[in-house]
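Have a look at this one.
Labels run A, B, C and D following the written order; every chain starts at residue 1.
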Amino acid sequence: MPLRVIVWNEFRHERESAAIAAVYPEGIHRAIADGLALVQPQGQQRQALEIGTATLDEPEHGLSEQRLADCDVLLWWGHRAHDAVSDAVVERVQRRVLAGMGLIVLHSGHYSKIFRRLMGTHCSLKWRVADERERLWVVERSHPIAAGLGEYFELPQEEMYGERFDIPRPDATVFISWFEGGEVFRSGCCWERGHGRVFYFRPGHESYPTYRDANVQLVLANAVQWAAPTVALGDAAPMRAPLERIGDKPQADAAAG
Amino acid sequence: MPLRVIVWNEFRHERESAAIAAVYPEGIHRAIADGLALVQPQGQQRQALEIGTATLDEPEHGLSEQRLADCDVLLWWGHRAHDAVSDAVVERVQRRVLAGMGLIVLHSGHYSKIFRRLMGTHCSLKWRVADERERLWVVERSHPIAAGLGEYFELPQEEMYGERFDIPRPDATVFISWFEGGEVFRSGCCWERGHGRVFYFRPGHESYPTYRDANVQLVLANAVQWAAPTVALGDAAPMRAPLERIGDKPQADAAAG
Amino acid sequence: MPLRVIVWNEFRHERESAAIAAVYPEGIHRAIADGLALVQPQGQQRQALEIGTATLDEPEHGLSEQRLADCDVLLWWGHRAHDAVSDAVVERVQRRVLAGMGLIVLHSGHYSKIFRRLMGTHCSLKWRVADERERLWVVERSHPIAAGLGEYFELPQEEMYGERFDIPRPDATVFISWFEGGEVFRSGCCWERGHGRVFYFRPGHESYPTYRDANVQLVLANAVQWAAPTVALGDAAPMRAPLERIGDKPQADAAAG
Amino acid sequence: MPLRVIVWNEFRHERESAAIAAVYPEGIHRAIADGLALVQPQGQQRQALEIGTATLDEPEHGLSEQRLADCDVLLWWGHRAHDAVSDAVVERVQRRVLAGMGLIVLHSGHYSKIFRRLMGTHCSLKWRVADERERLWVVERSHPIAAGLGEYFELPQEEMYGERFDIPRPDATVFISWFEGGEVFRSGCCWERGHGRVFYFRPGHESYPTYRDANVQLVLANAVQWAAPTVALGDAAPMRAPLERIGDKPQADAAAG
């Protein structure tokens, strides 16, 4: 059975700015989806993909209960309209992640409701738009998300994000970025939340063709495989529940022996 | 300057049940506060304490902006009325933790709004009330919270909590509990969120005199010292902000040198 | 290409004690290898296995440069004769792990030279042989090593191992054991060292038929898949080496632009 | 009682090279010791220091059993003569760290026997000597080692160290360095090993006056306080030992109740 992937995009920049539309005429979500369809992930795990998209201005932001119930990995690109995402949908996505769905948060999605809710922190950082070169160093070369990459790769022009990035300590830090203006940033971070895996990946400012870069595409293809659920996606909300007495006890009334 | 501590308690069990009132006649918060006043923390850090209390049914749950602004470490005991805590106060406490205030979450507080918000997970677990013996093993003997303890300590009767405890991977797991009924539990867990330190400590069911136990009192006294802020508690909410160009750049237009 | 697995065993107990030989007539290594051949791992990754064995009293302990160079995952069972393992072979195994080979250390192997060398600590623990029931709780249900297991599984009789287990903080703690005598133990622990993955799994005392238990066999089958190298196993020892100047520099002599 | 500190230095560069002697006329160890004596650590913990030094060419490298038994925190600078350090002394230092002594490993000490033994990895990295500017970003501002620092600090000229640094995942990453030539490096890393705390701090090439820099001195002063033992330094080598049966058991012969 293929991995069912949804690429979610705010999809407003592209409709409101001719400059952005020139970079991503069909929307950032289409560029990301095209990359996923094109690029072969590296390493051992290679499940086929079934790729869909969803955007903010669709009903329920394109993320109905049913669509989410049929989703294994969700990618999230948002920027200006984080507050326009309804709390009910955020709650729904969170429950699905905790049940095992993978979530890949992209670039300015660091400030999305869903990412901040899963992290519990401000997720703030420093930024500057100055067409700077970014070099992403692979700190964990044996991490599945880095499979097939060299020891670093570069993006000729990107927005700068700098530390301190206000996140909980990552379970793994796969990439650290160097920026020519003098900053560093933990650019590829992994966490587990409930049964789900979360990956934050820094690059992807709307004014640069980052999602057409072959290395970025490979990272996302690898990340989708890595984030795939490892448990059957069952009950979204485990309940606190009484247990039968299951252990040994010396008391007279103990059931076991 | 002394550490300013607030012990927060839901304070309903004790007023509604004669059995609970018999265990904690002045409320769980008073028993905890008395223990903190009595017990000398072990290890290197020993700041004097200035101890106050706050309860659910006070205005703003006793946690006004001003009181929180004057608080270094907050302890939280809640059980039945998690939903009665206003979202505004939860948000306020979260902001304060991210700015550096310590937070110690006790027992059934695992399901409090503030703990779940900082963790990002369900924080669910298994439980059973059957007067079982709990033995808490010290897994990190050199952790400041374990200073002065032996290799384990016991509580003759407690509520059982069992795994899987749905929490993000702790930065440190200080205690693991053994229950006579057959379960284990990560009973003392540390995390950092923003600039603040968070400690979850499992024991403390309302029907047992757990907070009068000398080892429990020592753990809490140590934990308060450990959770003390390490940075000046300034702006609660760091903002994403543009930076002046601060690095070297070879281009002609680089501002800095 | 199949995963190439070597099961290493000290293989002395079985030849010196009739009681142990009765449990494992062909040696512990054969029982483990048979289990791996029999059991289908759960979850996504399923590479076919090519399984060999090696024992202490073979030349070079059965671990020549060539055999190790052809090994993807090594399982290690040792107990009484840790000191009889030559330092040269330990060094060789360590280099291979750092280059990406998986290593699964079993039971009393916690005191093996190779495990202590990779951990950097004493790896000491408490123990007692008293035919006690062990219940292994699955703390990370979504970890690939736990795929297909229930929330816990039991071994009716095993040696007890108790905390404190003197190990570096694990990257993941998959299992925590409960023993009827009153102890707990971190029974399934994961680390990365260099490019290699290391898994320690507690059960497996020589006097019990633990390696014929279906749950134990599933754990080992899953662990072999998990520990498989994720990078091409190239140079065993990365060297500190000068780099060409690769970055931007404003100086006149900068090579790059 | 003051913290007893030993600054260990290889002390060969300074005696063999006039250029290095010009930077550190009395040896790197004296410069470090002078800084520790001068600078007031920031944050809560401030124990007075009793500072000694030791060097490679003293008998037993200045680290006899007795001197180590009287040492709370050891700082280690070595570069060219790692192999000249006797294995017996390395073993002795390791045992002492596992018993609780703090260890601060400086710069090229990444390749020292003691650091590689505690890490279990190659500890390799990339390097280049080209008088480059280093900017150290404070990633964990609330970590005690960062107390009193701004959001970053700079060294005008240093040797470059670049990723991948082959170390086990740090328990905390306090600093990440940016180098003008295009690299990044995890420059301040914390681990626990046994009961001891280990801090690796990157800067400190022998040809630059780095240990006279006020920020570097503050980091070391803070790190010494942080690395102080939290447990009484007793038995260096915990032994695997049988336990009396201490738990509840339903059997007739159970000792405990």
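Basically, contacts are C-beta pairs under 8 Å (C-beta built on N, C-alpha and C of every residue); 3 or more make two chains touch, one makes a residue touch a chain.
From a predicted model like this one, the values you see are computed outputs, not experimental measurements.
> Shared touching chains for subunit A and subunit D?
For subunit A paired with subunit D, the chains in contact with each are B, C, in label order.
> Could you work out how far the Cα centre of subunit A sits from that of subunit B, in whole Å?
From the centre of subunit A to the centre of subunit B is 30 Å.
> For subunit A and subunit C, let me know how many angstrom lie between their CA-based centres, rounded off.
Spacing between the chain centres: roughly 31 Å.
> So, what's the distance in Å between the C-alpha centres of subunit C and subunit B?
36
> Can you list the residues of subunit C that touch 2 or more other chains?
135, 140-141, 162, 169, 171, 178-180, 182-183, 192, 194, 247-249
> Taking chains as nodes and touches as edges, what kind of graph is this: line, ring, star, complete or other?
complete
> Hey, which residues of subunit C end up touching subunit D in the complex?
Of all residues in subunit C, those touching subunit D are 94, 98, 111, 117-122, 124-128, 130, 160, 162, 166, 168-169, 171, 179-183, 191-194, 237-243, 245-249, 256.
> Name, in rising order, each residue of subunit D that touches subunit B in their complex.
Residues 43-45, 47, 100, 133, 135, 140-144, 147, 171, 178, 180, 192, 194-197, 228-231, 247-248 of subunit D touch subunit B in their complex.
> Mind listing the subunit D positions that touch subunit A in their complex?
Residues 135, 137-141, 151, 162-165, 169, 172-173, 176-179, 182-184, 186, 248-250, 254, 257.
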